[in-house]
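In order of appearance the chains are A, B, C and D, and numbering begins at 1 in each one.
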């Protein structure tokens, strides 16, 4: 039998598949389609210090092989999430990863320590790359020293392993990855969305009310693979890969590039069963290409030198 | 009758459509499909100081709604181009834009002054963004001060208007645009390709021999539109827009974002007639959305404030 | 409960300019859908599904009818599908119009353009409860008009066209004071129409069905929110709607 | 001259494992194509066209035949097309095999897998010139074998399978010294096969047909180059090839 398990700091996954943050809410809706315990883990929707109402609508637009979104971190705030959402997810036999966001370092700190006090969350995903909020967010994601600083603060505020989610909207992804690794990150999560825009011809305005939005879906997969491949050669912490995964073949491509586990975002919208279907298809794909386990494939797209 | 003309420094275009550099060679092949005089202009394939043989093959790969390429600036060298290719193109009633590339500032200078001496080239496109060569190219494209420096040298070496071709692989596209504007650029050309990678599962290696390649085609259109829209608000020089154009609707989207003319690259490969078909379709699209001319639509996707 | 279903196309028909009527076979949807719910329809080659209202249900033939306007690449592709081919959808999505015992005996249905379809299934359902209905259906121009006869089967039907090429001229609001009395209205159509109606009829009980660009269609992505009146909250159109009390949301 | 043509599918047939034979109607291509040229085939929904060799031409019926293996999404989609549907292609692309008066009277055709198709049209054309031919066709395994009978019509045909499940066992090179004499060879197949053949037969005159991933297919993008022997130059497979003199290029 194919060994699908993946071991990463804080995460003992029965398989390497998890829904990506923001594309799966807190699991309630998709729990009506299948038993969430089938998943390796869940990356929860971003939590901020207080409730956020997010951006004006329209918040999404379709693009060739992808989509734009500018939700704007709408969420009920970290306390409410811990009170009502975490207990629901704790019913399932899966690892829970809390995605934390903020406008200030203080806010990140607050959210991180709040999750630290529950014993139901297994890791934090530090979202320094959300392109859809006015303050904070993206600055942390494009400046290595700011990224390092917020990583340090969050590491201090919490005992949970911290996966820093990197933005692809940078000149030098390796510098970003190294900066947060040195600052104590236990892992990386990449990539977040590429900033994009679509203009609606009849109204002559950007379709997304926020004007710009984050590009996700198959269109960005080559950028994700490139960045993971490059970063893998320069850091020693594991990578959770994401960006355009739609098939088990795609998952293997991410593993070969250097991801130890993967997240699936946009593809859930077209097919609510995508995560479970990929989990089912993965053993055959791995064995077709000569692998005995998920672990076996990680990083194998690199020259052995 | 719809006025399709576009006036940019050095370029009096009968229509705003031109094939993008590297996707049309020096026009010979496509001249067998249609009369090149129908085009507004042609952006020639990159010229370097000496002949270059480019990268190993495979040099292209298909991606969702796009493709990767790593040709590696293969070209016969600027002197040969001036001797054999420019005279051929000079037979047509179109503007000629020479795309110039190099590994060192000296090489850029050499290529720029060589083109300056022909009277058949109307403008230079300064390629500081080619991601597929080991030295030079991309460094100039991600560092504002280096970009400014090479722009200054090229401006000095030539009397031709200079359009600087920006790379999208940067954290701050506005800083790049402003730097080259201040350095004397007459216009901008954007965007070049996003760096990406695809891994071939059977061989477990990147498909492109160069490993990474440049992502082009419809997939990158939202990134192009976003960058042009942002840059338009911060510079006063015209923009030649490109990245994923496949239809006359796409052209209008680029005009609304702020482009004064557009280039079409990857789409030529699927449809050799794409440029002429778009030129034919454009008047109807413009009038459908209430425009009297190409010029009328430029920048109209921005709030009038 | 929301399911992912494959439905075979039984019939397609162009019933007005750029407007397609499509009959689909689905045991599950036909047995569970209530008026006002929608399908989140997969269109191969597209990243996002398309939300389309359920316009009619036939429990005997286990079929449902949708009506859609060909706008962009998704609906154009859908329009090219032939009987026998399959369409995949999530459904029935959202909450429909409340059809409880408290429906007053005189109601008004107001539909604008492609907002007309969900009102048809609603009207047919209310007709079985012997509710008296008036319908006001607005279209841009004569060649857009559809389902006039269908609505006439159960309601006093008024057609309005913006350019006056058919029925009354103007917007649906133009005829609202010329029709009989009613105690509740149900409306679906473009946002400006709903804004005008909810303002003009703010003394009446009313339900409106809203549109918004959607991601997941199931309530997970927060793409399709609408502000509600109670302290800055939001509701999700795909899950809490698309039907809301007129006073519940801020248009 | 290269043209962009719409061709109607006349027939499709699965003739071996994952191998489709497709007959297409095109007056222009059927009148102009020479053996070794290819079509650059459009597959809707894909950014790049697919290069597929012309396997046969019938000037009376104005049809051409292509044979392709379903590898990835493009060829799979093409394989799903039904007679009556149209396929768009650029063609005829490239330069074919030289079939001048200097063709020696004894030649060898060597095809590997999906490199077999262009040799069929070549063989049929040479047969009309009364050239004696030997064919060595290599496949992976028995269920991949196709066109044995077709080649037997004009040549002494040897089939080789890697696993020995049909014909001789091994690679095509295994039989090269067991066959009759010949003065020139024409080969098409996977790169390792061509490398082995050109090495082993470097004393013979030979022509080989090459494959490479393509962008434009017309010579404009420099995607499909191959180094040539003369001072570090390159040739374009799509325009200068796909057929080259064996000694002209560096494999």
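The rule is short, and it goes like this: contacts are C-beta pairs under 8 Å (C-beta built on N, C-alpha and C of every residue); 3 or more make two chains touch, one makes a residue touch a chain.
On a predicted model such as this, the values are computed, not experimentally measured, just so you know.
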Remotest chain, subunit B as reference, centres from CA atoms: C
Inter-chain centre distance, subunit B versus subunit C - centres from mean C-alpha coordinates, in Å: 46
Distance between the centres, which are taken as Cα means, of subunit B and subunit A, whole angstrom: 34
Interchain centroid distance [CA atoms averaged], subunit A/subunit C, Å: 36
Contacts with 2+ other chains: residues of subunit B: 63, 65-66, 217-218
Contacts with 2+ other chains: residues of subunit D: none
Touch-based graph of the chains, sorted into line, ring, star, complete or other: line
Chain pairs in mutual contact under the definition given at the outset: A-B, A-C, B-D
Of subunit B, residues touching subunit A in the complex: 63-66, 68, 142, 169-172, 194-199, 201-202, 204-206, 211-213, 215, 217-223, 225-226, 229-230, 244, 249, 252-253, 256-257, 289, 300-301, 303
Of all residues in subunit C, those that touch subunit A in their complex: 1-2, 4, 42, 46-49, 74, 90, 212-227, 232, 234, 239
Touching residues on subunit A, where the partner in the complex is subunit C: 22-25, 28-30, 32-33, 45, 53-54, 57-63, 65-67, 69, 71, 74, 207, 217-218, 266, 268-273
